[in-house]
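Structures for review follow.
After this come two complexes, each holding chain A, first together with chain B and then together with chain C.
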Partner chain A sequence: MIAFIIRRLLQSILVMLTVALVAFALFRFVGDPIASMVGQETTLAERAELRDALGLNDPFVVQFFTFVSRALVGDFGISYRLQQPVMELILSRLPATLELALVSGILAFVLGVGFGVYTALRRGGWLSSSIMTVSLIGVSLPTFLIGVLLIWVFAVELQWLPSFGRGDVVDLGGWWRTGLLTESGRASLVLPAITLGLYQMTLIMRLVRAEMLEVLRTDYIKFARARGLTNRAVNFGHALKNTLVPVITITGLQLGSIIAFAIITETVFQWPGVGALFINSVRFVDVPVMAAYLMLIALVFVVINLIVDLLYYVVDPRLRMDRTTAGH
Partner chain B sequence: MSMHHILKMPRSRLMLGAAAVSLALTSAASAETLRWARVGDALTMDPHSQNEGPTHTLNHHIYETLVGRDVDGKLLPRLATEWGISEEDDSVWVFKIREGVTFHDGTAMTAEDVVFSLDRARTPPSGMAALHAAVEEVTAVDDTTVHVRMSGPAPLYVQNLTNTFIMSKAWAEANGVETAPNFAAGEEAYSVRNTNGTGPYKLVERDPEVRTVLEVFEGHWGDAPEVTEIIYTPISEAATRVAALLSGEVDVVQDVPVQDIARLEQTDGIKVVRGPENRNIFFSYDMTSEKLASSDAADNPFAKPEVREAMAMVIDREAIRQVVMRGESQPSAAPLPPFVNGWTEEMHAFPSPDVERAAELVAEAGYPDGFSVTLNCPNDRYLNDEAICQALVGMLSRINIKANLVAQTRSLHFPLIENWETDFYMLGWGVPTFDSQYIFDFLVHSRGGAYGAFNGSRYANPELDAKIESLATMTDLEARNAVIAEIWDQVMEDRVFLNVHNQVLAYAMRDDINLDVHPENQPRMTTVTFD
Partner chain C sequence: MTTPPLLSVRDLVVEFPTRRGTLRAIDKVSFDIAEGEVLGMVGESGAGKSLIGAAIIGLLEPPGRIAGGEILLRGERIDSLAAEPMRRIRGKRIGMVFQDPLTSLNPLYTVAEQLIETIRTHIDCNDREARERAVALLDRVGIPAAARRINDYPHHFSGGMRQRVVIALALAAEPELVIADEPTTALDVSVQAQIIDVLKEICAERGASVMLITHDMGVIAETADRVAVLYAGRLAEIGPVRDVIQHAEHPYTQGLMGSIPTLTQTSSRLVQIPGSMPRLDAIPQGCAFNPRCPHAMERCRRDRPGLLPRGADREVACWLYEAAEEEVRHG
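Then we have the complex of A and B:
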């Protein structure tokens, strides 16, 4: 177990370094940060001077090495755009993104599993068919469009929910600002969470349904029924439990995607998270923020993959068995 | 709530409730909150760090300048009550400083603070330094008089001061921000999120890119504004910004998308105000090189006057206004906004397109089969920039000029002009000094030193260069205007620019709010009145 974790950690470091390298290679094609940093009156000589001072003229390898050696001690520099330390900027935005991702992740998981089980058990029912049809919208409409549609229906026409922002936030301990404790904060969370979670919900629902249908046909379910177990025990105790391994993998990986792809949802709803920060940084060619954000996302995926691997151990006894009784 | 519940409520809470209601009623009459949204946030609260529109716009509410710019483009007294060129020495500007002005921290503003601020603004890494390049020394002669010595006569220097803010010397020293923040230093300066100005509002809350709250400053020297609190929110997505106005979550929206203007005007309770922006949109081309890098022609077609004339003949500005801009632009052949000194009706006028004659001209110039060239455009900088370029591509194809459009983000587009890597490009230009010299310095003068940074046409006319340089020190404004007219005659004759139009600004707001469009897109919430 320990050896496994250490092996995974070493792999993770390699992954992070690769991401940093690829990201750095890409930055050279995003454009010149100087153009956005100075006024139009600035002379060409002054522009060249600033470029030198920021080290933008250094060879690629030197820039990359400087970045990695600083990043190792947690120093990502200062934002070209907002003139604040990048680390502080990202940490102040992270709670907004994590709260949004978590709520929409839970929403997607609970509704996805629920609908999945229901549609598998009541195959052909009118409610099942309509859930399946509506869920098609979830996978086929782009996030951007869903967000705008929800804003028009619930914010502009019905005026039930806010169209942008995060509402009032409460400061917890000076390093985490939460919107979950205020009414306006919770109201602001509804539309973005649905927008962000809809695709994942559909995915989980279809996966659970397919897996359930598969499992329900197997012999042990027939035996379980033959033993006279209640429907409840058969469906949830035996069938659902055995569908969960792939579902946990997908949900885990999707949680990473939710954080990474919150970019669009955050932009549509002006949600003050790291995704919106990243988009604004791309527009401005704010290299320090872009680099730090990509590293953060890589870290999130690495950690989630690690946790998912560990969860397999818990859910699937065969994995534990294989290790302890190896060689039989 | 039912009667039963009210009866069960403790007496003290009932009283409190009643008190709150009466408080709300009285404050409604005297306090007005304005919720204001635009596409992006100010980059910093530091008054001199960035020479950038949205940054100045927000800072104008907190800090003040010596002179202000009115909505008609004229100068207004602000912290300076009078200004002029010294009678003894024509390279010295004299400013009379307003008395009885206090900073938000309660200290009095003096001539020393003005000297300190101007020095801070002209010292790198300040973003404002280029506007004060001709300043040699700033001195306080007495408590209310400041002298600015220039390297020579500078008749228009006062025009450069409309975005240079005055800050407190003592406050800056106490907080270690004697100079503007340095990007390369890698530390956040105190002045990035804290302010101490003399403006009508003080900063109460600053959460960059989320929310900025300003509250009226009781100790301000001017008339009290009707708006007592400003909540400023950037909303980057156009559809969301408009939705926030329609749902009543914000009161004023800047940066209204062109395609939404008509619909907003038809909505009850919403109005849209428009005005010309200090920015014209034009095309220019390399008219000097031997051969174009992106063209199949053996030589440089843009070097031929016939080709430039043909392009001016084939561009259909009215069509661009109607189709691309949905009526929201001011077509013009003059490469400068109408309120800038040097603009004339003659330059502005343009004939309707003549495709046949234009095609003949291209053939006469030696391109019977036409030629190809790459057209570089930004796609996120000006209103409908890419669509304007697409329209031009279609128009040019009618005279056998095959323009291949490359539309990309601003940070990729502008370096092409800076590095002379484009043969044919779009550019928009605002004139913060409201005088033609600013255009000549950056776009017409041959490149070198402080001149020609955005001269992507490689246009170089030594005679014109000398005239442009002479403008900086001419104190006889009539003679100076005559030289400006001469320069424009030559530039128009040589067709250095293919101008399209002036941009029009639109602000949308609740219909009981009165707010004028500012030509520099810097609305002042102090001027807001309510019906």
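Then we have the complex of A and C:
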């Protein structure tokens, strides 16, 4: 178990280094940051000076090494655009994104598993068929379109919910500003959370349904029925647990992509999170912010993957190698 | 009035509605299983052996359904029961052992959890009592160090050991009838005999009857009291094992027996029945076996033979023997 965690940690470090390299190399070629930092009347000499001051003339390897060693202590430099430490910028925006991602993640998982199980058990029923049909919309409509449609219906026509922003926020401990504690904050969260979670929900639902139908056909489910176990015990005790093993992986990875793809939703709803920060940074070739964002997303994926692997261990006894009482 | 047999299947018909018409997978099959008896059910793959088992325990997979006949457990109809009362019968009165022990156990639960859950579903007891029963059961089916091994997961056991666990699970609530659907087919030859012995002994001990579904005549010969031969969803012959094996009457059974290699005979080639079993959508008119039968007569192609009694405890579905019967009657 310990060996497994250490092995996975080493792999994670390798992944992070690779991402750092890609991020670093990629952003070196997206454009000249100097051009967007300075005005038109800046002389070539001044530009060269600035280039030198930012370390942009150092050899590639040196620049990369500096980048990584600073990143390790959370220093991603100063934003070219906002002239603030990147880490500070990201940390101040992160709570908004995490709250949004977490709420839509929970929404997607709970509803996805619920609908998935229902449609698998009531296969062929009219309600199941309707859910399946509607879910096609969730899978096929692009996120921004769903967001715009929701705004049109609930914010413009019905005027039930706000169409942009985060509402009032409450400061928790000076470093986390939450919108969950105010009414306007919660109201503001509804539409973005649905927009961001809908695709994931339909995905999880279809996955759970397919997986559950598969599990319901297995011999151990037939045997469980043949032993006279109640439907409840068979469907939820035996079938659902086996269904969730592969679903956990996908859901974990989906949480990563929820955070990553919050960019679009945040843009549509003017949500003050890291995604919106990233989009603005791209426009201004704010390399430090973009690099830090990419690293952050990679870190989120790596951490989630690690947690998913550990969860696997908890759920599936076949993976626990610490027992040596193998059959004879 | 005599007491009804433990299980009585009367004119059972199982059908599968398909887009191109209804397929009749089991066609008017009738047989009884007496108290404490072991009935072997043999036939080729696709003859419908397992379907009969599934129909009895009420677990036919849709769209398959019982389209006719009745199934009686101690004289009470169970084929028309609602879902809930039928569930109570499963496990409690009719147990079932499946073919593949590697896939019959839920990999995510320990043996203890699965046994205790099953016991507590049918028997009113607390967790500790259920565990004691479970350990005793495992011990009885021959799991060494049962008290310790019970906390292991299925993947900690070998195939033979898992099938013992499966038998323990099937017998957990002491059913009166155990349907064993090819219980040894997936196992190594070396452990097949052990598993059959365990199953036979433990059922004999508890007075449980067994319906042993298999295509292995050797297993039937050693284990069963009576044997039923199934062909294309119809019963060809049924009778005491010794009689059927030594003096097979139905031409299909004769072919089946002739195709089994023996140690004493040293013929160069085994007998082979020409052709193959018909598909369900192309069962010939009359006797299902007539195109392959060496004794086929005009009548065999026209009318389907019913089960004709042959002696005290034997029945054969073949026109050959009606002629003989008539001769006896007229003579």
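Note that in this section the second predicted complex is superposed on the first by the 320 of 328 C-alpha atoms of A that agree within 3 Å, B and C clash if a C-alpha of one lies under 4 Å from a C-alpha of the other, contacts with A are read in each partner's own complex, and residues count from 1 in each chain.
As a convention for this text, a contact is a pair of C-beta atoms (placed from the backbone, for glycine too) under 8 Å apart; a residue touches a chain by one contact, two chains touch by 3 or more.
The shown structure was predicted, so the numbers you read here are calculated from the model rather than taken from an experiment.
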item: Fit or clash between chain C and chain B when superposed on chain A; value: fit
item: Which superposed partner A:Gln270 touches (first chain B, second chain C, both, neither); value: first
item: Partner chain(s) touched by A:Gln83 [first = chain B, second = chain C, both, neither]; value: first
item: Touched partner set for A:Val285, first chain B, second chain C, both or neither; value: first
item: First (chain B), second (chain C), both or neither touched by A:Gln159; value: first
item: Superposition-derived comparison: chain B or chain C, residues of chain A touched; value: B
item: Partner chain in contact with A:Thr133 - chain B first, chain C second, else both or neither; value: neither
item: Per-pair minimum CA distance [chain C against chain B, superposed on A] in Å; value: 49
item: Chain A - residues contacting chain B, complex; value: 30-33, 35-47, 50, 53-54, 77-78, 80-85, 88, 148, 151-152, 155-156, 159, 162-166, 267-270, 272, 276-277, 279-280, 283-285
item: Contact footprint of chain C on chain A as seen in their complex; value: 218-220, 222-231, 233, 237-238, 241-242, 245, 315-318, 323, 325-328
item: Chain B residues touching chain A - in the complex, by the definition given at the top; value: 40, 43-44, 46, 49-52, 124-125, 127-128, 130-131, 181, 183-189, 192-193, 207-211, 233-237, 239-240, 243-244, 246-249, 380, 409-412, 414-415, 418, 442, 447, 449-450, 453-454
item: Parts of chain C lying in touch with chain A, wherever the complex brings them together; value: 57, 59, 83, 87-92, 95-96, 98-100, 103-110, 117-118, 121-122, 149, 152-153, 155-158, 161-162, 166, 169-170, 172-173
